[in-house]
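In the two complexes below, chain A is the common chain; its partner is chain B in one and chain C in the other.
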Partner chain A sequence: MMKLKINKWSAINDREVLLNGESKLVFDSTALTDQKLEVAYRALGVSYPKFFKMDAQSKLGWLSAEYLCEGGKLFDTSASKDVALVLSNRKSSLDTDEQYQQSLTNEEEFLPSPAVFVYTLANIVAGEICIRHGIKGENNFLISESFDAAALVNYVTILFEEGLCEQCLVGWVEAYHGTLRSMFASIAKTTDEKAGLLFNIENLNQVYQTSEL
Partner chain B sequence: MSELISKLKQQIVDQLNLADVDPAGIDENAPLFGEGLGLDSIDALELILLMQKNYNIKIATAEEGQKIFSSVRAMADFIEAHQKA
Partner chain C sequence: MQKPVYIVNDHILSAIGTSTESNWENVLKEKSGISLIDPLFPSDQPIYGSQLKEYEKVNPKATKLENMFLYSLQELLKKTKIKSSNERLMLFVSTTKGNIDLLQDKSSNATDRIHLAAMAAFIQQELGLKHSPIVISNACISGVLAIQTAALYIKHGFIDHAIVTGGDLFSRFTLSGFYSFKALSAGICKPFDKTRDGINLGEGIGSVLLSNDPAVAQGAYAIEVTGYGSSNDANHISGPSRDGSGLSLAVQKALKHTDVKTIDMINAHGTATLYNDNMESLAFQQLGMSDVPLNSLKGYYGHTLGAAGVLEVIISIRSMLNNTIVKSLGYEEPGTEGKVNVAKTFIKKDIRTVLKTASGFGGCNSALILKKG
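Our next item is the complex of A and B:
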């Protein structure tokens, strides 16, 4: 019987960057959000000028995927249409929505930025990751009150069972009012129940909670 | 003119968040789109904003925009002509 496993996971919070629970980078506690995101980007040693045009949430998601793949390919497949992406958070794109709303209410200088406007959708972060890693499969962004492992496991399992993907990136990404919180896990099929962490509600919840500690 | 070109290069870097681009290293005669800085359609809108915000210039048509944004020098030429008018 086909089982799904969590191959590996990454997380970024206000304190550090984690890969499979191991700390990869610790932020200066006095640094601002933008500074933390830039430090995490510089530490990767990659060149991706588009990074600096993204809003904080897209930067956070982009970095989470980048740390997960450790400088290589995110998935070991050339069939990018077989890779799905399922992300979630609580506040959608509210951080950037508020920023854009403020620019709309500035009567003295009514010059709302098109570059900010394009990030007033939660699933833009998924688009940025798909562009970077050439992912062309199913993707979705779910909004829920809190991290909903049951919804994510159910949805992703259906994608696999219906043959809509062979591999999947699933997780949580939220940047809001200077607080960063992400957890990404790469999911793949396995026939070996002892190989890695099985992808189920309990384990996904455990990974999420570990990434918050 | 050279002062305006230098100022414009810095404003482009700031407006478009070109974090790793040294303004002094931008070739004022090189095309802004397609090669060189590799700008995209959203950048074009941001450049329109830059002209409006800093020089009170409103780009009237897409054809005019294509001509004005062909290079940093073309932008500077247009600003200078606008200021003299």
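Our next item is the complex of A and C:
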């Protein structure tokens, strides 16, 4: 019987960056969201100029994936087509939607920005992560009223059982009005039930709650 | 023991009809829902799109999009023995922007339903469905992906029946965005044609009922969903991959249990942008499908975003039931790097197996295989 385990998890909230429950970076409590995201980026010591073109939610998701792989590779890229990315949140892309809507209010200077518009879809953050890590497998973005571990565990487990993926990155990512909240977990098959944290609804909920403020 | 999953009934609400039957009749008459519309913003080009006209507004508390969803879902439920209160039934909602018009309309008393899950919960409650719906928002592949997700939920025994409904509005928000990308056609779109110059946006709802037991569901038909897969190009967030390799990956997964030689028809995404259609042509060529009759339905409906995948699956099912490949409206001359066999006329042919694909922003692709028993 195939079992799945949570290999590692990362989380970012308004206070800190966590990796497997351990604090990796604590934000200055007076810093603004953009500053926090930039501090987290600088602390990684990597160069990825595209980061600065992203909206807050994509930056947040990108950082969460980056912290998860600790500067290494998230997955063996030769297997990139077998890596799934299943994300979720409540607000979809509402933070950027509101910003884009603002740009439509002035009829005299009607200049909607394609660079902003492109981020008005929930799954753009997934696209940014796929580009960074060469992930070419299954994609799905689920919207729920709150963190829905059951929906995520059920769907990801199905993907493994169907042979639609060999590894998976699953999580929650939401940046809205200056509040940051993400939790990403990398999921893989295991034959040793005792090794690590099993990927089930209870454990995924536990991880999500652990990473709460 | 995993049971096969079938699509057993459907409903379409669009600019060319308030039932699947009227939609199919109008498609056969080559009637397009796309027309010149009043500009929603200062524009240096005429704007064409596909907007809903008449349909019965079900609920005074509902927003425009919610009324559209409710209308379509009630019409679908009328056609099945399965009660909305069935414990083994679940709703899957596909949408890219949901009630996006609420961002502009601050006077609405439904402002919380700008949240897609709140909108879906409202629909669930109005219909008296037992379970919280699953909401999928994955750009232009949402509809196809929602059918995949629902089919997998049934196959793996979480539920026995599913309603998948996809919908989006023709909105100033989305229209201006595609305008800013210079992606809008100056006329009615021409998928895969040499002179194609961009997309038209459209609005509508497509709803399907899936079940592992067509008899219980009192299905109008039983079209099996036998293959599925999605992928990411890992290349660019707003443009398709140049070579079609991402879409090929999704199709290859969908073809796991199907010989590519048995595909009778492809219903492509075919948005009529230069890059999308070219990318698709290269993918189908790579896959050895250059001779398979192919169409895009965007010339009839425009791009209906979250509705597109579901709505286009429904028309493809009509094609299978009537053994008629729908003419790819707007296509005259080949104009893609990859060789594809675009349907220039309606083609009578026994259609047993169909490939449906979609691709979207964020580099995502998806594919489904539908089979007639």
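Here are a few things to note about the model shown:
Methods note: the second predicted complex is superposed on the first by the 208 of 213 C-alpha atoms of A that agree within 3 Å, B and C clash if a C-alpha of one lies under 4 Å from a C-alpha of the other, contacts with A are read in each partner's own complex, and residues count from 1 in each chain.
Everything that follows uses one rule, which is that a residue touches a chain if its C-beta (ideal position, glycine included) is under 8 Å from a C-beta of that chain, and two chains touch if they have at least 3 such contacts.
Because the structure is predicted, anything quoted here is derived from the model rather than measured.
With the two structures aligned on chain A, chain B fits next to chain C without clashing. Of the two partner chains placed by superposition, A:G61 touches none, neither chain B nor chain C.
Contacts of A:E107 after superposition: chain C is touched, whereas chain B is not reached.
Contacts of A:E161 after superposition: chain C is touched, whereas chain B is not reached. Look at A:G171: by the touch rule set out above, it reaches neither chain B nor chain C.
Taking Cα centres throughout, chain A sits at the apex of an angle toward chain B and chain C that amounts to 80 degrees, reported as a multiple of 10.
Annotation for chain A, partner touching more residues between chain B and chain C: C. Contacts of A:E145 after superposition: chain C is touched, whereas chain B is not reached. Of the two partner chains, both chain B and chain C are touched by A:V118. Across the superposed structures, the minimum distance from chain B to chain C, using CA atoms, reads 7 Å. Residues 111, 113-114, 118 of chain A lie in contact with chain B in one complex and with chain C in the other.
Here chain A touches chain B in the complex through residues 38, 47, 49, 52-53, 109, 111, 113-115, 118, going by the rule given at the top. By the touch criterion stated above, chain A contacts chain C in their complex at residues 80-81, 85, 90-92, 94, 97-98, 100-101, 104, 107, 110-114, 117-118, 120-124, 126-128, 130-131, 133-145, 151, 154-155, 158-159, 161-164.
Residues 16-21, 38, 42-43, 45-46, 49, 52-53 of chain B touch chain A in their complex.
Interface residues of chain C facing chain A in the complex, by the touch rule stated above, are 41-42, 96-98, 100, 103-104, 114-118, 120-121, 132, 134-139, 141, 145, 149, 152-153, 155-156, 158, 172-173, 176-177, 179-181, 228-238, 246, 249, 253, 256, 360-364.
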